[in-house]
Amino acid sequence: MSLDKHQMAALIARDIPHGAYVNLGIGRPTLVADHLPADSGVVLHTENGMLNMGPAAKGDDVDPDLINAGKIPVTELPGTSYFHHADSFAMMRGGHLDVCVLGAFQVSAGGDLANWHTGEPDAIPAVGGAMDLAIGAKSVYVMMTLFAKDGSSKLVPECTYPLTGVGCVDRVYTDLATFLITPSGIEVRETFGITLDELRARVPVPLAG
Amino acid sequence: MSAKIYETAADAVAGIEDGSTVLIGGFGMAGMPVQLVDALIDQGAADLTVVSNNAGNGDTGLAALLAKGRVRKVVCSFPRQVDSWVFDGLYRAGKIELEVVPQGNLAERMRAAGAGIGAFYCPTGVGTPLAEGKETRMIDGRTYVLEYPIKGDVALIGAHRADRMGNLVYRKTARNFGPVMATAARLVIVQVSEIVETGDLDPEAVVTPSIYVDRVVTA
Amino acid sequence: MSAKIYETAADAVAGIEDGSTVLIGGFGMAGMPVQLVDALIDQGAADLTVVSNNAGNGDTGLAALLAKGRVRKVVCSFPRQVDSWVFDGLYRAGKIELEVVPQGNLAERMRAAGAGIGAFYCPTGVGTPLAEGKETRMIDGRTYVLEYPIKGDVALIGAHRADRMGNLVYRKTARNFGPVMATAARLVIVQVSEIVETGDLDPEAVVTPSIYVDRVVTA
Amino acid sequence: MSLDKHQMAALIARDIPHGAYVNLGIGRPTLVADHLPADSGVVLHTENGMLNMGPAAKGDDVDPDLINAGKIPVTELPGTSYFHHADSFAMMRGGHLDVCVLGAFQVSAGGDLANWHTGEPDAIPAVGGAMDLAIGAKSVYVMMTLFAKDGSSKLVPECTYPLTGVGCVDRVYTDLATFLITPSGIEVRETFGITLDELRARVPVPLAG
């Protein structure tokens, strides 16, 4: 069976090392937090200036001064620290985060990432911290469905959407398979409800089994 | 010692000139100096370049400034939001310029302006449309893009507390761009929730030292 | 959560390799991690490059490390002090290399290493012997020198308090180079006066976030 | 009568604007602090990470964690803030200090400063924050005796000692005269116990009266 988004999030959560410093991109990657065990020691970073972010705030805990990068009210955990934007992005860009998990429109065989702009001429461009996250973390994990709504593969020989970062993606977690991007090409770590041959037939990139 | 304390937001924004580059703090509404932006609307300065992370939310604050036609250009990382209809309309009508800057570059370019750095080689954006036409250089096997400072004529900042000398502390993630913008503008205007006596802030916990602050008003 | 807390300074400095670049905090004795430097002497790593503001005082700490012949090169802003006889002797005997770096460049170059900046154009030192042979560029009518990051394999830092996650606060002017060095080295080792429970430091007043800290020991 | 070092310090103190942010270089310039009136509103910066430094510490007030750039124990005043070295030098280099006062070996007609190295071949070079201070402050005041012990002028057509900064000095306060360095040359603002003609005879730089 293919994975739903919660199963994908759980799979990623299981792969994050104990005690890692992690940034979860806005959207689906934030689901990963729900699957981290209580004793994971994982510390969440949000690029708007906070380490050791807690779960979303509810009810009386909502504080307009305490939000995540998606502008959703969150909470703080013991051991939180706050810092300004230049310090926060220095932390990201300086390679101090262990893992970041991002959504994507496309990932190329060489690990290029496209996740900020569909390239449509009338779209208003908006990048936020995506380009900084893409090049900053020690490991960049992408979380996405393998195929777009029109059935085309989002794992591609070369991205056709405008790039977010070049050669920055290490792993791609999808509903149908997990891919490792290595210097010698893409390796399929595991599949879900699909065979390697079926994958090879539908994904226009060489896949090592 | 209290020459920096202003009675009203109108007094605090007096003298901002047409054509100024105005840095406006905040990430969404957290840290947004709403009263100062409202005062700037009343003050009337036009032909402004606004540097801020977003391009206004709803119909108030920065969005209202845009709606009044006072802004020639927006420099930001993320203009497109669910409630950014004012900006969206102006942009699609060709009535406003937009420079999209990766969020980290926005912060670091203002930091460079404040720190006297002439330019810096940055790893963000290499090979993407946002680096097109920019100088690049390979250093130690990695490619970098050359980025230049963003200086403000004025910064409008929302902080938590100030003392009467102008030292500032912020609150939680509302800190965001405030401390960097305070270093990057010639005239730094701050709205705070509370002004305390000089000596009442912990010297170890001051985030923006008084040297960066010109005018403070309670909002 | 307490994987970062070490029992002894000897445990904390274990594994530092010959040939390492070691960033050592402190400005004079303020913030100097004396116990960690002593432990490094016992640990035995040699052929080190030491980056520190000064080149040792008296006969203890960094001066003792130099006296043992463990240091190949010193990168600092101010080696010559009234009590820097150990360094002075080695230097005049041609037994140690010296790179003199303006103090602001020392700080900014380590900050660049920590922040992922590939190089930066800096106003300090233009037209002086310390910029000889370096690339320069005119930007907006001012001349700048191109400066590169200083990265450490290890940083040894003295701070005031740590919590069990590794968040740090400093005390008064002993803060100096510690926070910058913590960002610039692969392995960051800190001595503190006191370790407190996680949650006991004010999140608004943490100066070095836990992400930068690998090992903490009480000294 | 020529001025002694305390009178020079008093003269400089009088010229520092109310409320200015000021860095006093180590050595003689620190004397300026003793002559600032209590209501001057002047805020002293020390480059090792502090604003609103107070007077030297005595007796029980001595705290090894609280020192100035000359490594002398000092005190804090209400409204002090502490910051790390990169932030402190960003403050200097970014042009935020109103005035810094520095000692000098030589100042040139064009405002070049030499104050860090005598150029002797066996001298161990040590620059500290001198080069950062020289280029950073909005106004750079030099405080020095006008003539060296051998009688030679320290105000020179071109510095022969290694430079600290190029074209960075705005004013030179000496025991015998105060000089303003302007784009059109050096102007003598006032003299002490010496005539302008005597000055011109001994200083090898054109002096406007």
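Letters A, B, C and D name the chains as they come in the text, with residue numbers starting at 1 for each one.
Convention: a residue touches a chain if its C-beta (ideal position, glycine included) is under 8 Å from a C-beta of that chain, and two chains touch if they have at least 3 such contacts.
By chain, with names taken from UniProt: A, D = 3-oxoacid CoA-transferase subunit B; B, C = 3-oxoacid CoA-transferase subunit A.
Since the structure is predicted, the reported quantities are computational estimates derived from the model, not experimental observations.
Contact with chain A and chain C alike is made by B. Across C-D and B-D, the chain pair carrying more C-beta contacts is C-D.
Between the Cα centres of chain C and chain D there is a gap of 28 Å.
Measuring from the averaged C-alpha position of chain B to that of chain C gives a distance of 33 Å. The geometric centre of chain A is 53 Å away from that of chain D, both derived from CA atoms. One finds 34 Å separating the Cα centroids of chain B and chain D.
In chain A, the positions touching at least two other chains are 76, 82-83, 89-90, 92-93, 135-136. The set of chain C residues that touch two or more partner chains comprises 108, 111, 115-117, 122-123, 170-172, 203-204, 207.
Every pair of chains that touch is listed here: A-B, A-C, B-C, B-D, C-D.
If you check the complex, the residues on chain D that touch chain B are 19, 21, 41, 43, 45, 51-52, 76, 78-83, 89-97, 135-136. On chain C, the positions that touch chain B within their shared complex are 108, 112, 115-123, 137, 139-140, 142, 144, 148, 169-172, 202-205, 207. Interface of chain B with chain A (complex): residues 27-31, 53, 77-81, 87-88, 91-92, 98, 100-108, 110-111, 122-130, 170-180, 207. Across the complex, chain C is touched by residues 46-50, 63-68, 71, 76, 82-86, 88-90, 92-93, 112, 117, 122-132, 135-136, 162-166 of chain D. Chain C makes touch with chain A in their complex at residues 1, 3, 111, 113-117, 163-165, 167, 183, 198-199, 201, 203-204, 206, 209-212.
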